[in-house]
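Two complexes, one shared chain (chain A), two partners (chain B, chain C).
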Partner chain A sequence: MVDFFNVRKFTLDGLSLHIPAGERVGLLGGPGCGKTTLLKLACGLLVPEDGSVQVLGMAPSDWRKDSQPVISAYFTGLPLLDRNDTVRQGFELVRCIYHIPKKKFWEEYRVLSKRLDFTAFEHEAVKELSLGQRVRAELSAVLAVRPRLLLLDEPNAGLDENGKAALCEILSERGRRGLTVVTASSDMVGIAKLCTRFALLKDGKAAFYGSGERLRSQFVPVDEMTIVFGGELPDFGDLPVVRYKIEGNRLTLFYNSNHVTAAEILKRVLTQTEVLEVKVQKPTLESMV
Partner chain B sequence: MRDVIHLAGVYTKITAKSWFQYRVDAVLRSLAVFLRESTGVIVIYFTLLKFDDLNGWNTHELLFLYSLLFLTYGIMIIFFTGLRDFGNTVRSGNFDRFILRPRGLLFQLIFANADWFAAVGHGGLGLVLFLVSAGKVGVTWNLETAVYYLVAVAGGVLIQGAVFLFLATLNIYLFETRSLKELLYYNMRKFAGYPISIFHKAVQFIIIYIMPFAFVNYFPAQYLLRKEDMAGYPQAFLYLTPVVGIGMYLLAYLFWRYSVRYYKSSGN
Partner chain C sequence: MMKFAPYFAYAKKCFLGRSAYRFDHLMNIMSTCLQIFIFWGIYRALYGGNTEVDGITLPMVATNFVLSMGLGAVFSVNDYFFPDKIHDGSIATELLRPISVPGRMIAENAGNALFNLIFRFAPALILVVLTIGISAPAGLGMFTVFLLSAMLGYGVLWVISFTVQMAAFWFVNVWSITTIKNVFVNVLSGSMIPLWFMPEWMVGVLRFTPFSSIYFTPVQIYLGQLTWQEAGLKCAVQAVWILLIYLAGDFLWKKGQKKLVVQGG
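Moving on, here comes the complex of A and B:
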């Protein structure tokens, strides 16, 4: 779907990335690492200084001449609805601009406005809306045109928990039906769960690109095991444990799952003491990103 | 094509609706523009109370000259508000939205916004001045003069539209062009309110060849009024308004087409 080849632009320096159709990619990296630049390159707002960016084999800006919306992009700070128009008027314009049949479009609108919960202020001018209300309406505007590639820059900014959950639900449904999503967000609550891949940008390149499972084992391979023991405190001095914590008869071990497995630890402990309860916890993706 | 006209219609309906959503506010603000621009007329009026005429132009003839300036501006601003405010459009991120949409950029800029208050204020003043003066300046209104008048208005609209398009294009290279617009456009327009023959040659040169307001009102008015001071200019200038308008607009359009490729969205 999206191909970056040796792209140089602003902080990006020699970035190569292949995003197959149907994937949902989360972009990670510190501020100023080029996440927004990457998204703007993918929709044609920016042109690479060197290298190439292609969407389905064409330059992103060439897709604009196509009447079928292929790429739809949401950026915070890029107003998608005119501030003087009402929400309804803004959507009517979007419909006309993309030539979408009335019935199909307003059906889509009805569903989205209900799920993202903004039917109550659809007749108010966009400038009168609060940030959260505006974000809901604008996210619906990029979804309503039914693109094949959706680019989202900080879609969570301004959304409350309900909004984040609703957005996630919609995105994973659309994703299952083949929508490709690339999103950058400093607030990955929910979004992390939705991503099939992650790309970590560092020094202008993709320092990591792969599944969440691989991301964890490569960057935060520390698991947590809590053991409630009956007898005396076991000795685990020779095990490669990162750190441990003892509260009464509750022992918590933090260990690198690449170096030692839960089974090995448990076997050692069981030879020394009676175990009443065991809990193993892998770090959640959200806590990681 | 039909689709484009339809979209232009939708845009116009929506912008007009939002501008006139609050009726009292709309009337007052249009009136404010009307009164602000009237001050220039009032100055001329009081000047003419002291002198009988200005280089052969009496009060009504001067008002007629003035009316062309405002009528053309009123029509022009309906279409070119988006270019007048282009700097803001870029800074607020709205231009990026236009780029992302599958429509012509200039089309979106022209139809997505229209300053109806300025249109009603300026156009209204132009119309009032025209109605006051047209019957008293000795023009026989027949098909020929009426057609000439309409073509001249269209040419004047294009000339000013071309200037706005040119200044908007400069915005792609320079961050801020507002003061340039003040200097080149709004200040020169103050000169154009008078018969240009009263000014120094240098000012006349600017107003004919650089910022050709003379073709917006002075030469068209001369065709209809035939004042003596026209002797100082080539007779061909009486007929050049539409040519100047189309030529300038074409040049500005080519400059725009060439420059817009260099437009850079910011990284963040």
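Moving on, here comes the complex of A and C:
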């Protein structure tokens, strides 16, 4: 769907990235690592200094002439609806711009406005809305045109927990039906649930690109196992454990899941003592970044 | 026809948006009338009882400023359409959409102009005709040419504004440039001081500028000061100005877009 080949632009330096159709890619990386630049390149708001960016084999800006909306983009702070319009008027304008039949569009609007919960203020002017209300309406505006590629820059900013959950649900559903999503967010919890792949930008390149599972094992492979034991304190000195903690009969082990598995540890412990309770925890993506 | 749906929507939105502010447009009618009455007073005093000066009668002068100020009230061009969009970043939103941004500006201005024509020009004209009285048009044929020329005049005004607005891509504050442009338009187009009264050399210079094409050409045609041939020629000159200035503006518009995608918003 989206191909970055050796792209150089601002902080990006030699970035190559292939995003297949139907994937939901989360962009990770510290501030100023080029997440927004990447998204702007993908919709043609920026052109690369060197290298190429293509969406379905064409320059992103060439898709604009297409009457069928292919790329839809949401950038935090970039107004999508006119300030003086009411939400509904804003959507009517969007409908006209993309030549979407009335019935189809308003049906879509009805569903989105319910799920993102903004029917209550659809007749208010956009300038009167609170940040959270505006974000809900504007996200729906980019979704309502039914693009094939959706670019989201900080979509969770301004959304409360309900809003985040609803957005996540909608995007996952659409993703299963073939929508490609690229999203940059500093809200890791939100992004983690929604994405099928992650790209970590570092020094202008994709330092990592793959599934959340692989990201976890590559960057923070430390798992945590809590064992409540009944008898003697077991001896685990020869196991490659990173560190451990003992509180009474509660033993917490931190280990690299690439070097030793939970099963191996448990087998060793069981030969030495009685185990009352076991809990294994994988690190969350949130704790990594 | 489908292609024009968004532009029609923009025009309609502007037209309806304007009608929401009743007090605002009542004040606008008043200000248009007041402007005309003040100029009427000034010129009556300047004529000091003479029926004509340099062959120009007072009713001709009155017709000139009633028409040019009236048209000025109709010819609405939002001088800050592009500057506003460039400064708040919404130009990016526009660029992502499958529509022409200058096209949107034309549509919005046209919606506004139509509103002004019906609710600002018409009432002011009726009031002025009843009180001051203006010359009748020089025949139905010439009046038709006048309407055409007036539309072309609007076109000239529009392309000048469009081109000047492109400065916003390179300058943070375009207020001064816009103001200079408006002074040029107001003074040199002959809407305040009819070009008849300008010194010979100045009229000579102005012939090579687009400003007299805005209001003065339509007024001359209205008053029947031009032969059919001259009128046709002047309309052609208007069209050429529109084309030339538009090409310059479009060149800057493309340059500006290029600047955006290279340097970022």
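By definition in this document, the second predicted complex is superposed on the first by the 283 of 289 C-alpha atoms of A that agree within 3 Å, B and C clash if a C-alpha of one lies under 4 Å from a C-alpha of the other, contacts with A are read in each partner's own complex, and residues count from 1 in each chain.
To be clear about the criterion, a residue touches a chain if its C-beta (ideal position, glycine included) is under 8 Å from a C-beta of that chain, and two chains touch if they have at least 3 such contacts.
All values reported here derive from a predicted model rather than from experimental measurement.
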Clash or fit, chain B versus chain C on superposed chain A: clash
Chain B versus chain C as contact partner of A:L201, first or second or both or neither: neither
Partner chain in contact with A:A125 - chain B first, chain C second, else both or neither: first
Touching partner for A:D85 - first (chain B), second (chain C), both, neither: both
Chain B versus chain C as contact partner of A:I97, first or second or both or neither: both
Contacts of A:L159 with chain B and chain C, given as first, second, both or neither: neither
Set intersection of chain A contacts, chain C complex versus chain B complex: 10, 37, 40, 43-46, 64-67, 69, 71, 73, 75, 77-80, 84-85, 89, 92-93, 96-99
Chain B to chain A touching residues, read off their complex: 3, 6-7, 10-11, 14-15, 17-19, 21, 92-94, 96-97, 99-103, 112-113, 264-265, 267-268
Partner chain B, residues of chain A touching it in the complex: 10-11, 32, 34, 36-37, 40, 43-46, 64-67, 69, 71, 73, 75, 77-80, 82, 84-86, 89, 92-93, 96-99, 125
Residues of chain A defined as touching chain C within the complex: 10, 37, 40, 43-47, 61, 64-67, 69, 71, 73, 75, 77-80, 84-85, 89, 92-93, 96-99
Interface residues, chain C side, partner chain A - complex: 2, 5-6, 8-10, 13, 17, 88-90, 92-93, 95-99, 260-262, 264-265
